[in-house]
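In structure tokens below, several structures.
Here chain A shows up in two complexes: once beside chain B, once beside chain C.
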Partner chain A sequence: MSIIGVREYSNIGSIKGPLMVVQGISDAQYNELVEIELPNGERRTGLVIDAGMGSAIVQVFEGTSGISPSGVKARFLGRGLEVKVSEDMLGRIFDPLGTPLDGGPEIIYGERRNINGEPLNPAARQYPEEFIQTGISAIDGLNSLLRGQKLPIFSGSGLPVNQLAAQIARQATVRGEETNFAVVFGAIGVRYDEALFFRKFFEETGAINRVAFFLTFANEPPVKKILTPKTALTLAEYLAYEKDFHVLAILIDMTNYCEALREISASKEEIPGRQGYPGYMYTDLAQTYERAGIVKGKKGSITQMPILTMPNDDMTHPIPDLTGYITEGQIVLDRGLYNRGIYPPINVLMSLSRLAKDGIGEGKTRDDHKDVSNQLFASYARAIDLRGLAAIVGEDSLSEVDRKYLLFGELFERKFITQGVTENRPIEKTLDIGWEVLSELPESELTNIKLTYIKKYHPLYREKK
Partner chain B sequence: MNEGKIVRVNGPLVVAEGMQNALMYEVVEVGEYRLIGEITRIEKDRAYIQVYEDTSGIKPGEMVYRTGSPLSIELGPGLLGRIFDGLERPLDGILELSKSPFIKRGVKVNSLDRHKKWYYKPIVKKGDTIEDNDILGTVQETELIEHKILVPPSVKGKIIDTVEEGNYTVDEPIATIDMNGDRKELYLMQKWPVRIPRPYSEKLEPTEPLLTGVRVTDTIFPMAKGGTAAIPGPFGSGKTVTLQSLSKWSEAKIVIYIGCGERGNEMTDTLTSFPKLKDPWTGKPLLERTILIANTSNMPVAAREASIYVGITMAEYFRDQGYDTLLVADSTSRWAEALRDLGGRMEEMPAEEGYPSYLASRLAEYYERAGRVRTLGKPPRYGSVTVASAVSPPGGDFTEPVTSTTLRFVRVFWPLDSSLAQARHYPAINWLQGYSAYVELVADWWSKNADPKWKEYREYMVKTLQREDELRQIVRLVGPESLAEKDKLVLDVARLIKEAFLKQNAYDDIDAFSTPQKQVRIMKLISLYGQKSQELVEKGISVKRMNEKITIVTDIIRSKATIKNDELEKYDELEKILLKQFEELSKEV
Partner chain C sequence: MEKVIEKVSSKIEQEIMKQLSDAKNEAVKLIDKQYSQYFSVGRSKIEEIITKSEERVGGEKARADIELKISINNEKEYWLNRLKEELKGEIYNKMNREKYNETLEKIIVNSVDSNSVIYVAEKDEKIVKEILKKNKINSKTEIDNAIIGGVIIYHPDKGLRRDYTLNLILEQVFDSYIDKIASKLFG
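Right, the complex of A and B next:
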């Protein structure tokens, strides 16, 4: 932003939805911050989204209800939307403009940063290669999370995604390392009870001191919801790249974010894309999700775990769809598994971690990890296929090998995927369970595993030793 | 040149007044930061400018500076092995200059290094007459690539001076010509406007396969040098991995990889892994033949629109030197979305799903820049541009405008299937939906260079897979056990085709790349197995019994990852055992 003073205007042309046209101004900057003062002294904040000669369109964060064209003062502040960020924000709760919500003091010393951030130079990035052990077999074994990755969780309404997110936040660790670890938590348009759940969880586990909370509730204006992940990630970037923290950024729930985006887009009368969501939603989401990673020469990192609710459990809905195109994989929760009492109800076949291949295997987790994971995927996919078939033609008309696959599928879900809310499995344990369930299949079916690993880890040969 | 004044800023769209005589697609510098933009509409003295960088803080009243020339890029030694943004600014240069891991606005960096000296060997002599695209001399740019220095298009004349063999920077004159009485200096580098295709002498039908080392894309749906392919697929189906395999293992001399609105970490992956990987055709580091263009999803939208043109212009430039080049774009859907975004801001009338009505013509222009050509200039030479682009259909729906329009302009279709991907069958190319118009064209090459029976084997596999699909419909109703034995055998052979041939692990050292010779060896074994087993089944042996006795099948499946490309004699052994086991079994008849 170029340096320019504060200018005040009071000629409001029109008001529509969250937008307000200010007349008479010819030097409004695009994305300039505007302070709006109502006749009763109330102050609101807005941003210039269209700057013209003689007028500017201002988007008001808190909404325009109660604003009348007369008596309103619009102060153009000559700077963009910035918040103060500081290490002191850990252990605290804020709204997306940086105002404390926990009754504590304002952040006084801090660095002012534009919350939109800047794109990270691909030449400055360091490729993620460090395995994060979450202690959850379905993730560690099959869809491993790496430090610096962005891996979302696709949930459905009513599924236990909050428990899972909390479990990951508590258990996630890079083994053999004591580090500066922090969680930045962006709660976007959440229900009161959700906010309470996470707050209580962090307090009980004693983790609250390394968590910074940014919060907007479900009933707040859409613009505030839009700002929440941006502010959260601005702090995450500061902590990671200036203060050497390894940050886990959890954003919940991105569906609320997208709905807010649609609401604002509609009020701007933009041409809608699919299902009324704006055509630029991909780019907008990318500008949030891409704020993760590791930078060469910096000690810290940002690992991002956005959480979203698939409307009607539909993965092809624009929100999960566009997210999946940007993030490096996805963890998908499944209502069918949940209904059968399986926790965590992770559908491993639909889940994916694009980076896993670079963080697992010899010297990172265990030499057989890649092969075991490939085999589990292939065999479980076959088991699911056969399960569908058996439902129609009956188990008896399947071959002997096929029936073994059915049994394998059952054991895989009961032993490998299922685990307790507090159960923290080391990766070796996860892989050993994998071998245990695979040993139900004839050895000739294990074509994805190298013979040397079969000799080394297959329970049949292990027992002999 | 006159300057304009900004009257409106709306995201990447800036409107300026006082722009008399502005040209369409002229490059301008906008505001105090001198952000780069391009004029996309003119109304009297008003110009609508698409700005390639973030416009926050720009305000009406600031100046717009004209440059008088369209968006052009620098072409010359120093492109290979580098990573550029969508406007051909080197990202490592930006990193150095801005001293920040983030990309700052308004940074001006030369595309080609002005200080680096290249060892130039002239071919032309004083007194020679030269014209468009003649080779002036050469620079050994990397161990792998000899960069031919070309006479820029539409330059003709007599050489009145040329330099000695030696070290020169890209902007030192290397020759002076007399062009209709004017002296004109030529350099190692030249400039070319990206939106205009570079000229050539004649376009030819592709004849040679572009080998990729990936079995399904070499044999089932082969690609040709100078061909066009689309790879649509929902997220997670392996578009990027397929494109990366192509750019790693394909036989092209030059590979240009455009990350158009995709993930930052993926570009970093390519950037860090390519120097370590060896080109299987030459054994040299892959990065020496690769140019990366990264305009990740979080970088400004307008530059994403330009990146496709920048990439294809580079590909044409190397084609003009006589090289087979491969352009890989991930993904054209993001490019189309950039068109939609900019069109919307210009308040254009939208067509299908909000995309501008000119989507089809833009896609056509892009794909039509591919092809095998006889180039202009002396000595005579042939080159090709092969284009393979990912398409990212929303929700995996192939009927959406970008996918369906793209299919009209490409001749190879590699559709990715999410159910295959979920079963970790990679590459997840659907063998029933895909197609290639080049099968007949490349069959000749295969029969001469790999195996005369290639086409026969291929047809056997394709037919078996089609028959399997029909049978699966029946199995879904009655179960596999009620099938006739000969139909059970089809399922059995189809499984072998999938496991031993189609599935290929891009991350396995041995399996990632298969030579044509290795491919035909596996095909031969499959066909042999099919033929022998059919004979026995017809004689009354059950498929179940056969599975019990022919145990070598497991080794055949494993062979893709156990037998290296240079030890194909091991296949003789497998073949011998296979025949022996069949012989044993035939005694049971």
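Right, the complex of A and C next:
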């Protein structure tokens, strides 16, 4: 640690939005941490975002309201934005600056880390191959999540994504390594009642002591909101690569993050890109999403599930569009399913896990997993097509087999997709339910499944045994 | 004739017995099936109640664990802050006086100009004035009793304050070594 004289300036040139110009300083470092003291003794924190000869522009995290050019002192601390991270953060709630929000004390034991992290050596990355059980059939069965993967959830306004995120945080585990599993939850710009919901859910379900919660509220300044995923992932990296935890990082809601980014970009008078979002939004998102994976030689891992709300349910909106380029698939929530009372309303036809095939099957989940997954997908796709046809020609005009597909579609949604908020299904139960709904179809239709698996797992043959 | 009647009666009797037996078997099957269904429903309800209770107990235990962790850390924080306050009182007296004065002189010579104002603790005012006189620097000094040791140099023309106090050094060093201090104190 180097101790340098702390420089304190009181020449504030101008204040614009969240930005403050400090004059008379020529040795400010880019991204240097600044402490701002108001005449009434109040202290705020900021970061140098532009340093020139004779002035520095400081972005104030708590906003600049109440700050006037006279009487304010800006103390340049000679270090970047670092947060103390520790295993003791599990079970606690913090803001992105590391300040406790649960009434508890500051972290005592731990290491100071720069929240921007270090890029991972691409040659040191290991390909994800290990299954994570979320306990949700629509994910585990058809869009399996693997350790080290980045799999976002694309939601829409009003859909129950908070319940789904909380359920995943509570239930997710690497089978056989349950004790080394931790969840880092980054809540970006959430409402107070949402924050309360998450806290109560984790407390009541006993998951609280394996979850570290980083929180910014909707009414907080945008510069503070954009720090939330960075701090959350800094802790995730520490727990994964230093303490050998398998970490699931859930970031909710990345739409709020991008909106904050847009606000800050506009206040900096940067040239806007698509729909007013900054042109560097792709890079910025990639810097967040790429902080995941498995490193060779390290036992731990970071799996990311960023959650975003598609404005107007539009998947071509810049936020889901750019996210889709970076991440390894997506879980899409469907408003039509939600309106029919199905929870979780996961549209399995629009969802995809690009790495799923490498983490399922014999020795990993169950030998019939791949075949059952393919068959369920194919059969459900046909059922959806037939629904459209039935709407035109009427169900009575369909063949016997087609009517069975319609029934299959209904059962698939009601039995396989639908499950309780606290229902945790092991993969074996997910696959058995899959077999149960597939048994509605004639055996001759199960063309994606090997005969050996049919004879082994099909309910008809099981009953006979 | 009697033999025929007997034969037919026997046949009818056998038929009736067979049908009664079949009916009985069917009835048993139906009862078994119904029983299995009720048993299954009852069992899953019991399992649900057990799971919910386990969850509730687990939740209470987790909450208690966290509260205990926070209480312990609060206590540790209290004692660490106490130690920091004690150190503030003691650090000045433990300094090597000669090295301290040398460092003060270096700071003043490198950072002060004629427009500067030097904030210093009352106990150090004399030595600072001697340093200024020795180096022919024409600067004002002001007493600030919040300072434990060292100086703050203020340049009013630039609006710049440079902090070279023991307060700041203690704050930064204590913060960096807090893990080790806590390990020594609490194990």
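Note that the second predicted complex is superposed on the first by the 413 of 465 C-alpha atoms of A that agree within 3 Å, B and C clash if a C-alpha of one lies under 4 Å from a C-alpha of the other, contacts with A are read in each partner's own complex, and residues count from 1 in each chain.
Convention: contacts are C-beta pairs under 8 Å (C-beta built on N, C-alpha and C of every residue); 3 or more make two chains touch, one makes a residue touch a chain.
For clarity, every value in this text was computed on a predicted model and none was experimentally measured.
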item	value
Combined model on chain A: chain C and chain B, fit or clash	fit
First (chain B), second (chain C), both or neither touched by A:I208	second
Touched partner set for A:A286, first chain B, second chain C, both or neither	first
Which superposed partner A:V6 touches (first chain B, second chain C, both, neither)	second
First (chain B), second (chain C), both or neither touched by A:R382	first
Touched partner set for A:T234, first chain B, second chain C, both or neither	neither
Partner chain(s) touched by A:E270 [first = chain B, second = chain C, both, neither]	first
Apex chain A: angle to the C-alpha centres of chain B and chain C, given in degrees as a multiple of 10	130
Partner chain(s) touched by A:D102 [first = chain B, second = chain C, both, neither]	second
First, second, both or neither for A:Q419, with chain B first and chain C second	neither
Touched partner set for A:G24, first chain B, second chain C, both or neither	second
Per-residue contact with chain A, leading partner among chain C and chain B	B
Shortest span in Å between Cα atoms of chain B and of chain C, once chain A is used as the common reference	18
Common ground on chain A, meaning residues reached by chain C in one complex and by chain B in the other	1
Residues on chain A engaged by chain C in the complex (per definition of touch)	1, 3, 5-11, 23-25, 73, 88, 91-92, 102-106, 108-110, 203-209, 422
Chain B residues touching chain A - in the complex, by the definition given at the top	7-11, 32, 54-61, 83, 91-92, 94-95, 100-104, 234-236, 240, 259, 261, 263-265, 267-269, 271-272, 294, 296-301, 334, 337, 340-341, 344, 350, 353-354, 392, 394-397, 421-425, 475-482, 499, 505, 507, 544, 551, 554, 557-558, 561
Chain A - residues contacting chain B, complex	1-2, 4, 26-32, 49-53, 80, 114, 116-128, 148-149, 241, 270-274, 279-280, 282-283, 286-287, 290-291, 293, 295-296, 298, 316-318, 321-322, 324-326, 328-330, 349-350, 352, 354-355, 357-358, 370, 374, 377-378, 381-382, 385, 389, 392-394, 397-399, 402, 444, 447, 450-451
Complex contact set, residues of chain C against chain A	55-56, 58-59, 61-63, 65-66, 69-70, 73-74, 76-77, 80, 111, 158-164, 168-169, 172-173, 176, 178-179, 182-183
